[in-house]
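First chain A sits with chain B, and in the next complex the same chain sits with chain C.
After this line comes the complex of A and B, so read on.
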């Protein structure tokens, strides 16, 4: 039972840790000062959410948040590949679209966790949703605004959507031991969460003419496996950078 | 010299197509003045300004600029251009020519004592 719980919590935590890291790569490079600060703050929230999830496992006698974040090998991570993708050429449309697709998924799964039977997780989800309300407002405001602005903005969002779409879909790849999690009542099945996610984003993306039909099975094959511990080619260098400081002084207290 | 920051090296700023000429005065987004209400029922206080293309985004950005380090229950934004102010040269408008400290809060300090003294003089005491 504890094994299934660890898989569930790590899937949630690792998504947030790596998403926070990728968003934080925008610090100082954002399009305008005010937006730079807002996006950096969102990145910081995600990292804080990861820490809160790891702490649930620490409370059960498992590893500490620092050990989970800085001392695990790549194959022990359970994040989806969407969050691992680099900020390739620092196109802010890609950053915003990933933020939109990811935080829509956060809305759906946190709402499901809040209704779940595992109290520590349900209580945490309830707390995190308060901060996520701003993330979702930020994401939808920009997508709706830019989706109706210039031709260039629309083209950039469209190409971002094409690039990210299969990866976003794979956020809802079933987790190992998912049957146990669902039977315990901790969370709803991935397929039903994905349906809710589609219902949340489809109207916004259709209204801005950015919607795409579901990715094919063939496309999905290439981007799945994150929950099983398969890492994308981008992960190793990310982890090296993420752990660079802690590895330089493993015994230091921060 | 290349940056020591790996993010900057990946971002390759030398390839960015920055505009040839600097932005002109009116090419910037307009500014909005931001007001924060700290508790329900209290008045909104001016805390600063920011750039935004419209009121909706001004509110969105104001939340992280001005409401993340202290308590806040509501935000206001007002286009800066909607604000009218007196000229700094007219500062003397606010300087009284005679002593008007009686208008200041401390001018009301002894009101109750004075009132009671006056009432005593008017009303005969119960013993007499």
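After this line comes the complex of A and C, so read on.
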């Protein structure tokens, strides 16, 4: 059982850790100061959420949050490839669309966890949802605002959507040992979460003329595997950066 | 984070003439208000030069905050653990927030944020010299967060008592936040100073690199500083560069020594008779060179800002478009 729990918690935690890493790249470089500040807040929240998830495992006698984040090898990470993708030379449309797709998934996932039977996780989900509410407000406000602005903005959002769509879909790739997790009542099956996610985002994306039909199985095949420990080509350099200081003197305290 | 207002000779060209052109009665009343300790508010009458110098000062300060986010910002994704990563993100976010606050304060004087940012990008408007030096290692971020922010607090708590209301109020709030940065910086420095030999060496190297920029931080010595009598009378500038530098040395040199660090100036000592710190010439020629655009990172810093400006242009354009409609948040 603990193995299944670790897989579930690491999938959630690693998503947030790496998403926080990518969002943090915007601090100081956003399109307007207010967005530097917003992305800094969201990045802090995601990073803090990752830490809180890892702590659930620490409380069970497993590794510490710092060990999970800074001392694991690449293949031990279980994040989806969506969060690993770079910001592609500071493409704000990519950052915004990813933030929208990801935080919609967070809404759905956390609501399911809140109803789950594993109390520490359900309690944490309840706490995180209170912060996530503002991520979702931020994301939907911007998608609707830019989605109804210039042709250029629309084209950029559309191309970001095309690029990210299969990756976002793969957020709901079934986790290893998912049957055990669902039987224990910790979380709903990935397929049902994906359905809720689609219901949440489809009206907004249709209203802004950014909706795309579901990706084909063939497209999905190329972007899946994150939950199994397969990493995208972008992960290695990210991990190197993440651990640059901590690995320079592994036994030191900082 | 911001050092002292540096006044170059070209900044005060035709100064006296312009003040002389002001209505003498209004000028006298204005100066009497300041003398009584009243605050000047945006809608109040003020001399042309007061407005011009304040815009320049607040604008430089705002630019320093956004440029200052860059050297530390590059270390967020490399911070060594959760605790430091979260704190550094919050700190750099604060700095950008200060810029937002200060641009707003400057806008009350009649110059828009866009105009100010354009002047930064064209090189017309300056920012604190200290951000033209690189943060080479993690230890540099600790030294910056401790000592540069400490210097900024000395400067800003002094200037918060200035005569212009919106600037003073912004500074008060900024100082609250900076005092947390200083705690974070000091804590990081203590960990390095009491850590492994490699960490201690990293810290000493960083201090060696940053000592000169820190000495430059408050601006050139009073003896060569351009005439600032009027600015002091108008309470735009509240203490001289040397006064603030002395205050900084008094507060922080003992703390640096206490950590077993060496300050890279063999002549640094406090004269027991005068109570003043003596130090070697920190190479003021370098200071003027860096102000003139020839520091180690001037070009890079502006290039990064221009890159961000270019990359974000379509977003700002989209926000201003007539067909854009205000979106009510969903909750």
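Assume the second predicted complex is superposed on the first by the 253 of 254 C-alpha atoms of A that agree within 3 Å, B and C clash if a C-alpha of one lies under 4 Å from a C-alpha of the other, contacts with A are read in each partner's own complex, and residues count from 1 in each chain.
Assume a residue touches a chain if its C-beta (ideal position, glycine included) is under 8 Å from a C-beta of that chain, and two chains touch if they have at least 3 such contacts.
Nothing here was measured: the structure is a model prediction, and the numbers come from that model.
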{"item": "Chain B versus chain C as contact partner of A:253, first or second or both or neither", "value": "second"}
{"item": "Which of chain B and chain C A:48 touches, first, second, both or neither", "value": "second"}
{"item": "Chain B versus chain C as contact partner of A:129, first or second or both or neither", "value": "neither"}
{"item": "First, second, both or neither for A:137, with chain B first and chain C second", "value": "both"}
{"item": "Which of chain B and chain C A:66 touches, first, second, both or neither", "value": "second"}
{"item": "Touching partner for A:92 - first (chain B), second (chain C), both, neither", "value": "second"}
{"item": "Partner chain(s) touched by A:241 [first = chain B, second = chain C, both, neither]", "value": "both"}
{"item": "Partner chain(s) touched by A:34 [first = chain B, second = chain C, both, neither]", "value": "both"}
{"item": "Contact breadth on chain A, by residue count: chain C or chain B", "value": "C"}
{"item": "Intersection of chain A interface sets (partners chain B, chain C)", "value": "25, 29, 32-35, 37, 41, 89-90, 137, 141, 145, 241"}
{"item": "Chain A partner contacts - residues on chain C that touch it in the complex", "value": "66, 69-70, 73, 75-82, 84-86, 89-90, 92-93, 96-97, 99-100, 103, 138, 188, 191-192, 195-196, 198-199, 304, 307-308, 311-319, 321, 323-327, 329-331"}
{"item": "Of chain B, residues touching chain A in the complex", "value": "6-8, 10-12, 29, 50-54, 56-57, 60-61, 63-65, 68"}
{"item": "Chain B contact footprint on chain A (complex, rising order)", "value": "25, 29, 32-35, 37-38, 41, 86-87, 89-90, 134, 137-138, 141, 145, 241"}
{"item": "Parts of chain A lying in touch with chain C, wherever the complex brings them together", "value": "21, 24-25, 27-37, 40-41, 43-44, 47-48, 51, 65-66, 69-70, 89-92, 133, 136-137, 140-141, 144-146, 148-150, 152-153, 156, 241-242, 244-246, 248-249, 251-254"}
